[in-house]
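Structure, as structure tokens:
Note that the chains take the letters A, B, C and D in the order they are written out, and that residue 1 is the start of every chain.
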């Protein structure tokens, strides 16, 4: 297999090495958890034990110290080679870690003394981050879960979906809307502990793939949130500046496991070709034109995914670095999001093609449940639904930026 | 939805009407059987009760009387709208029925008095036909199950796979090889009752999709077969004339359910679009450009599938009619197979694209297990593995015919 | 090459035979006219001499008597094999002939005595029909050429483009708008002789391909048109009932030459492969996997084009036959147009892919001007622009019909 | 437009800036030279005047000093935005310059005193490099032009094709075969001045596109070559180590102009959309769903091209840097070539799709000769034929490396 994408930093190299080690463990039990629909909690414990859970926490706070989106995403692609389901959950944790670490670093650079307690809790295995942005029947920009102002904070009521890795998360960031009078709303994110009174995990995830991801619905029954646990609001219907800031990174990180799945599938198919003759003649399968053609298409497609991913990640990191310790302005984030979304589309749609072609190369054996290819085929299709934009919305966003139209409609 | 393909004959119209009625019943329990991996035996009973089980049996023998491949295949596409898994099993039964009925009609046309007892047994609900051609690790042209000549016939030993609808079949046609001396082999098909001593159903089907198809492995432990139950042999490694004769029809019939799946998926997605607004704004989802684009692509793809299917079926029927009561010569069958295989490739690969796009249109809801789209997505991928040529072999066959090379290598 | 689409009627078989004969003549001088940008007027004379110019004129009036769109379109695909440029011009003539012949037949069936003089003039070589629908910067539904009511008729002023085959046409149907007061307009078609005072052929066609089609701009300098030469108007911005009636046939006929081009290109490439070894080794090029792969893709694509084309043509003819001597109602025409447009998209976009793959198969020789492939490559791209809907508009039309939205917006 | 690929070095930035300036001049006369089929010699003079002709010559020798393939290729993509025809010629010159400069730098690093006279001649405008590798009917690995050993050197006889930019080149590297006895051959490259006695430029280039590239056939009538002007030979039928070394860079540089063409086409189409309303309604064209869809696909495709290109270039440079002043070993070059070829396939095939979609977006105006889109459409198709592997051979090479087979067959 052509080299996967290499990390760019020392911390990245350490984190990727850990990710590859864990991925091998993930792979060993992935089918079993997939079949049972169980969440592999043992992996979370292993990540705590190895320190990988703190991959994005600064070294000063005891973490691995990865600070670029590029290397975070590369590690996530490696995790994805082992098991897509746990990896998509880890995306949530690491993205939140990255956001917090970036804020902590910015605070230090600005001479402030930022609070690193949550990051330290991650290092100590006390905190795992979860994300509750999605809702069935809506999109990230239009949450219906509502935070009603009460004495000292808010009461949150609603139902969030795709609570990926919810059994492991200790703390959720939850997208809500806040009434702004006149029937208008604002949107913000609330930080809510998993054991907050009124937070109910419906444990009802049941889907085509990503079956071990525990992406349950979470019901919020008048959960109390303090004022300080709420992010600054933006107009309802938009991602706004904070949403775009996190979103350009999220788009790529959430695509990363699907590169890993495609890489694992292709490796599986290539190994199969190398080992198998073409029955019953003397010609080895790997000398057979149609198989060579399919292998070549996969190689080209993997090159396409890797290239688009790598370049978009570089652009994202370069933009953040240029404005550090501040944030890129909104218009620049729109441009970056255009690149992130284009890369995400390439990765998700191409990953599906690669796995599909692996099934063809397998000659039927990949269709049986005992082949990991059949799991990859189900898991890989989840990519296109990942936030902040699904495949159809992403194209509209890209076109609007390209055509100088307001990108959020 | 644009009109599905219409049947061309009166018998065809009766059969298609029955198929549509049964398909509605299939659909009602398809998810349940898919989840449990159980074979829907109740449908077989219903098909016997309605007479549909005898769709291909001549009217003179009490059947529905369909005599063209076109209308058989159209009915199979309608069955497929309800449940792909049972439909792929029915393909086997109807294809065998068609072969037997064609022989019976040819016998009559030639002034002989052909044996119609098996066809009558189908009418009476006593016979359901199954096919055991495939083997794991080989292809249809290279069976390893071996028929050793013994007193009065053969003893068959081996393991066949993809015994689709095996719980319902009363009689299997089984592809075997026969030693021809000097390490050479011949290939023939043996007719073996499901309750023959030594025939063992391993009941082990477990796959990505088509989970209710009971496509179990079948072990043949020295099963005795009389001389007369064996078809005339051809060189091992080839389909030969009989294989090509049945194969041109089989290719298209085995593709038919996947058209039905794609049609059902598209209808599901279009209904969803019609009913759903694009949350939360006032614009209905169906006025949204990206959804219109995806719907249009699906419509174009369905037109592509239907056109290729319809035209290839006409060419197949035309060839058989022109030579009746004889068979088309081998070289003509190669030309027809080229068209059948091209149509099969179009259907299977396009069906996957259509269902994939339906998932995109569904906006994520199609990925959950409770949506039939998630089942369609798994089932539809089976099409490309159907005999007599998988997708990679089909392309090689087509190219060789086009380039005036011996098509079987 | 797999059989091209066969005509369905005796008249169709005669016409297709003539078309194939003429196509051979077209091919012999196609490159020469393409290079010089000259219109091959000699072909028009030959078509008159053979009677093919009257292919769509009823036999009772002395023509070949083709009366179904299917066979007209099949013949146009055969013409296209010889030279796309002249063929696209012939589409205009035959489509107009078909419309007039259908009206004449309907009149007879209704017991009237319809005027056949123009059809007879075609037989006698006195009339060749042209179409001036298009305008630069607009579409068929929104003509800007304006017919101002004057004593006894109208004065038409404007500039039409894509006056394909304009040097040969003796009579044009010209789409115009008519002021309806309040700034509103109606749309109608005027029948204008090529030698009408004020009709000026700018002889300025200069394009990527179809260089011999003489698709000049035509300026109308206050050309007088009598009341009776104007069709009944429809609201500006719509095709309306007459436009949809002609349009369902036009869509397919205007796609036909591009099937022919793709067929000719594939035949060219296949011949090249058969003749050429793969330099310098002993393996013939046709045994080489990548070439076999490309040939197979082309075969599959041709099957897709032929199937979609054939089936849509059958549906169009079936609809007209069912309502004869009347016309199908508008809503049914929308359904038929959906099928026509889907087939047209398949044909035009697939034809481009086929020719592109022929260039790849040619290994570079096809890129030189002396190879007909380089002409096919330029010509074949014109297909997607053909009226009544370009490729982008067609998808919107199809989606709107599928989603129960008013199809003309 | 999203940012094109940025150069990585200071010298690269200077060279890219020059390239962009020249590209604007190229664009101004590109159509004129394309129509006349004339070579734009004035651009060569301008490149000499600006110093850009010495873009790859080390600063120590008076050049711009670009030393990485990445920045050379990025500059070539910028040239391509102006005119593909001249740019493909410049590829040859710059690739040869890079090879010579790398050898010169390696010599210096190894403490030798390498000859920089040819590089200095480039700076002084005295030398422009050309490449004569190709032959009609063969490929780069199998030259038929033959160098027969004679006193003091060789006499070369044969006909080379695709002598791109031949009117400007002062010195050609010419691939030849040398008899090795027993009917076997070796392959080497000879350095031959354009004015060498017996070198005859047939001035016969005439093709679908790249019409101003003067890619004439060159006949070698017993041209004398000294021993020292011949590179060390490799077995005939292989690129060998030197061919792979140059080839990994050549593959990407020769793909660069086609990225530039696609970028220019997309920019043209986007500008057109921004400026044009959708006639005649009030909705601007850029708000129209189908146009937004096509623009988004182009953006995604450009991201795919840029990413694959950028990453493969980084891998190429990284490999050369790691082994400097030596060369990467052959097996590593095979791995790198796999990545180069995958990127080249992505770029060339995607570039064709982008320009095709621009034609669709243009609504027909792009098909006329006066639109640059019609030129881009012809030019862009040349990419897939570029050496060292055409599109079909490239896939075979990639598959063979991936499957651990000897990559050169």
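FYI, contacts are C-beta pairs under 8 Å (C-beta built on N, C-alpha and C of every residue); 3 or more make two chains touch, one makes a residue touch a chain.
Here the structure is a predicted model, which means the values were calculated and not measured.
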Let me check something: if the centre of a chain is the mean of its CA atoms, which chain is farthest from subunit A?
C
Set B-D beside C-D; more C-beta pairs touch across C-D
Where the CA atoms of subunit B average out and where those of subunit D average out, how many Å apart are those spots?
51
If you average the CA atoms of subunit C and of subunit D, how many Å lie between those two points?
40
Overlap residues in subunit C, where contacts from two or more other chains coincide:
288-293, 395-396
Touching subunit C in the complex: which residues of subunit D?
134, 136-139, 142, 144, 206-209, 237, 276, 279-281, 288-291, 294, 352, 356, 359-361, 363-365, 367-370, 374, 377-378, 381-382, 384-385, 390-393, 395-396
Contacting residues of subunit D [partner subunit B, same complex]
288-290, 292-293
Which of the residues in subunit A end up touching subunit D in this complex?
1-3, 5, 270, 273-274, 286-287, 291-293, 295-297, 299-300, 302-304, 306-312, 315, 335, 338-339, 342-343, 345-346, 394-396, 398-400, 402-405
